[in-house]
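For clarity, chains are labelled A, B, C and D in written order, and residue numbers in each chain start from 1.
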Amino acid sequence: MSESTREFPIRIGPASFQNPYFAASGCFGYGLEYAESIPPQELGAVVTKTVTPLPRAGNPVPRLQETPAGLLNSIGLQNVGIEAYLRDKLEPLVAAGGVPFVSISAATLDEYVRMAEMLAPYDSIPAVEVNLGCPNVDAGGDRDAAEARAVEQFTRTVKERLPDKAVAIKLTPNVTDIVLLARAAEQGGADAVVAINTLAAMDIDLVRGRPTFERVRAGLSGPAIFPVALLKVWEIAAAVRIPVVAVGGIAQAEDVLKFFMAGATAVQLGTVLFSNPELLRQVRAGVREFVQARGLQHPHELCLDHVPESAEGRAQWTPIG
Amino acid sequence: MSESTREFPIRIGPASFQNPYFAASGCFGYGLEYAESIPPQELGAVVTKTVTPLPRAGNPVPRLQETPAGLLNSIGLQNVGIEAYLRDKLEPLVAAGGVPFVSISAATLDEYVRMAEMLAPYDSIPAVEVNLGCPNVDAGGDRDAAEARAVEQFTRTVKERLPDKAVAIKLTPNVTDIVLLARAAEQGGADAVVAINTLAAMDIDLVRGRPTFERVRAGLSGPAIFPVALLKVWEIAAAVRIPVVAVGGIAQAEDVLKFFMAGATAVQLGTVLFSNPELLRQVRAGVREFVQARGLQHPHELCLDHVPESAEGRAQWTPIG
Amino acid sequence: MIENRRLSGGSHLLRVRDEHARRDTPQSQPGQFAQLLAHPSQHLVRRPMSIHDEGDGWRSFMVKPVGPATRELVALRAGDSVDMTPPLGKGFPAPGELGEGPVFLVGGGFGVAPMHFMARILDGLPQAPEYRILYGGRTRNDVELDVLAGVNGEVLTSTDDGSLGFHGTCVDLCATQLDALGAARAARAVVLTCGPHAMMHALHGAVARRVHALYASLEEVMACGVGVCMGCVAKTRDGWVPICTHGPVFRSDTVFDLEGTADHV
Amino acid sequence: MIENRRLSGGSHLLRVRDEHARRDTPQSQPGQFAQLLAHPSQHLVRRPMSIHDEGDGWRSFMVKPVGPATRELVALRAGDSVDMTPPLGKGFPAPGELGEGPVFLVGGGFGVAPMHFMARILDGLPQAPEYRILYGGRTRNDVELDVLAGVNGEVLTSTDDGSLGFHGTCVDLCATQLDALGAARAARAVVLTCGPHAMMHALHGAVARRVHALYASLEEVMACGVGVCMGCVAKTRDGWVPICTHGPVFRSDTVFDLEGTADHV
């Protein structure tokens, strides 16, 4: 089994990963909650639930609502805070053979400085994802990060303090031109961009006659948003030279193959994991079969030619013996 | 039958409509194609397929692809052109008792001037929708209209020439803040805003190994986008004083009721009409039942209190005897 | 799915195959739930359902069609497939932990489902404790007594309109029952409840202080079912915790009457 | 749905109830289609299917499971419901308009379905014209002869690998047949075809000029089915027209060999 999970290795900046299949932030807890059905060591990395400088209680319930082929959430970044995370959650995942890709979010540059400095000493953390796209919080959410200038600054602040870790910037799709944000992240020194976080959306509870969620605005995920995510990944991959990690609505191997064709270096499985714990295995098998049937060595070779050649080597893979 | 379709009349600027249920542009042709299953006179208005200054052949096939709970289209505004429209298509719809809400789109201010002047003399046209949100054309599409300044200018240009018609501005959701565009339309003199056009998205044909659509970018519609449309309508209704016409993913009466709660004055039925010609009747019955069960007279009374009171009278309705 | 039986009030009893299930050494506890979805389904997220019973090779659920996914479930026919998780969450205390006093199983609506399971297990004990099921609904139509078929214990019913059994809520009924016991015996009683949040909250207010312990099975919209998504939280003395892993069953004094929960309903 | 029968090559013959359908005075013409979707379905848009036959109270379709919606359809059982439009589009010319010459019905893959309907109607005429069905596939597995059960006319098969019938494409087979007729009789022949675009295009190139007329049933992704959405267009001498209303059957010389269509495939 561990043989087959070491397949199609990838690199993102200074970090390498045994395979390109990650768990998306917020959809895999801190890495061990799903261990019975999805051993974290089978993933290329576990992007952990976003942690913030202090613990957060999150938003009032209800926090979830299904929509056609989608899921609305208004979790509001409930998390234990970075301190408790590093103290209680990190080691168990590493001990289980999981690779932590730690997701962080903060409201100010100062807070990002502090978080980056706290993460820097941990050699067991190869990579950090900066969540600039949460629609469910007031400060530090997707609206604050809709400006290219802000994205560049946040990126530089974190990357300068984490030169040896892969720093990936997760972007919101709720903007006119996500490419501007991706370029800003690249400019700020990011090792990768991650696209997309959830689409801003809402629902109304007809019986109670009010918005389903207290904050009204919530984040839409799931298969419904896949075609939107695919376009964003396609556009970003054509415009930057750093790797693009694709996330949004993956429900089957075909979706992952499309992300590879659109230029993704890795993918993250999210909402569909909640109802299909077999998803990782299905993706792995489906990608392997497709790649082999075409006589290729790595799914990165599927990338179509909208991606400038100079960018193709961005996530060089080395065949493992 | 005609008794029951004259229900919950509404006003938009200088025009009034027998009910708040319209057909969305591009989903009802020029008004008579569906006549057998959906008599156009049962609708509050038929928003016609967008017409352009000259006939357009549209985009190459394939032009359609289903996605989870959604439909991607890359029609590219295939239409007969405004001249042929006025000559061949307008009268038959009016003769059948349908109310034409003529959708227009152009690439330049000059073209808008010309189109508005061509429409002005037709007393049988009570209302015009300016499509500023098509993702499937190069010039005059959603990207050109993502700027508030452009929206205001296009609006003023058309409205000045059509003082006696309701001029509604249809907005793209593919922007950071649709409220800015809605305010710009209001500023430019629009009688209503229409939200939303399709979400920019794409698909890839795995077998052929290339984007499904030649133009790559296509428009996503259908139930998948309803939660996104609902938020846009909610946000716009809270920010402008002119009526908001809601469109996006309506699949059942509940969706329409939610749009009314979010502050919509009227709604447009789109993609779901293709597979459910009963939709209009289901919506009509469902809204009537809900409104009556609550002892209300008009679905506008469902509007929640995020909408400023001053705006509530924006689409005064007068009970019809 | 093995069997779909419509109950008297419009809910359905679904029996779903699970090779690990055992009648005499059940893999699940009363109060635990499984997440179910028709397969194929028009829906994305599996829906939590309390376990109504476990037999050799199957588990049963009482499903009330309240929305699209539950309507889809009750429309299934024997032979159709169902997507079902293993038993999830923490159930009611084991029979051995219920003490020596009388036990009241108070169910409202589909909240009676786990009470069936608990009663069936109590019935099977060499020395079954004294227990009663109190089953309430708005009208007689909401009290689907056939869901309790085969249970040995006494079943008392209540309806808000008095159309069946006790005229009033099952909270009132429970209070009346405790009154009849006398304060001393009541203080040794254990009450288990599952039903609408407002009912359980009222029950807590009415009886929690008079009895040995009150356990309530909470409900919240769920996605993952395993504590990952933080979608289904409840405020407890330990902060906001996922109901799906820390519950759904909680001692009532750990979740009710805390600051910030009053407006939950 | 009344009946779902699996055919020899993996396609399914679905018989769907329609009270207006009549065997002897059919409401539909061969070449017309209906849009179908399982009900309930995981899909949004009904899928076009050529009509394979019409009987008293039903219509039948040959469905090849190529993707999710067709797989959903073929998984239905008798008694399940199907969402079906009335017959749509313009079919092949009526038998009376086929002239006096021989008629060739050339089907590839599920394109044989409307050929069955046409053959069954020709069989029922007082003076059936001389017709042959040419049915091609890649291998013998693609040639599902049971879909033509009950047809009186001669059926000739072709396979690309020679595993059944003529070794070659059904385009070659048709050309051979015309050769055998001699130029004069061939010039009076009418050819009706339905199948993969490339095959029909090749057939046009190979035989259109030698026969009286060639009619082809085109395929394109559809949504509305009634000329509203402009999704399913083909370039014709009259410009880009919806296939669903102006077709799916066109005279081949009005749609092939026009500028701008060459790269359609």
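Keep in mind that, in the parts below, a residue touches a chain if its C-beta (ideal position, glycine included) is under 8 Å from a C-beta of that chain, and two chains touch if they have at least 3 such contacts.
Given the structure is predicted, the values throughout are model-derived calculations rather than measurements.
Asks: What's the overlap between the neighbours of subunit B and those of subunit D?
Replies: none
Asks: Return the chain whose centre of C-alpha atoms lies at maximal distance from the corresponding centre of subunit D.
Replies: Between subunit D and every other chain, the largest centroid distance is to C.
Asks: Approximately how many whole Å separate the CA-defined centres of subunit A and subunit C?
Replies: The answer is 38 Å.
Asks: Go ahead and note the Å separation of the Cα centroids belonging to subunit B and subunit C.
Replies: Each chain reduced to its C-alpha mean, subunit B and subunit C end up 47 Å apart.
Asks: Where the centres are mean C-alpha positions, what is the separation of subunit C from subunit D, in Å?
Replies: So the centroids are 57 Å from each other.
Asks: Using the touch rule from the top of the page, what residues of subunit C touch 2 or more other chains?
Replies: Counting only residues that touch two or more other chains, subunit C contributes none.
Asks: For subunit A, jot down the residues that touch at least 2 other chains.
Replies: In subunit A, the residues touching two or more other chains are 69-70, 222-223.
Asks: Thinking of each chain as a vertex joined to the chains it touches, would you call that graph a line, ring, star, complete, or other?
Replies: ring
Asks: What are the touching chain pairs in this one?
Replies: Chain pairs that touch: A-B, A-C, B-D, C-D.
Asks: Under the definition above, what is the set of subunit A residues touching subunit C in their complex?
Replies: On the subunit A side, the touching residues are 26-29, 33-34, 49, 57-58, 61-66, 69-71, 73, 75, 78, 222-223, 271-275.
Asks: Taking the complex as given, what residues does subunit A use to touch subunit B?
Replies: 67-70, 72, 146, 174-176, 199-204, 206, 209-211, 216-218, 220, 222-228, 230-231, 234, 249, 251, 254, 257-258, 261-262, 290, 302, 304, 306
Asks: If you look only at subunit D, which of its residues touch subunit B in the complex?
Replies: 35, 37, 43-46, 69, 83, 220-234, 239-240, 264
Asks: Which of the residues in subunit C come into contact with subunit D in the complex?
Replies: 40-42, 72
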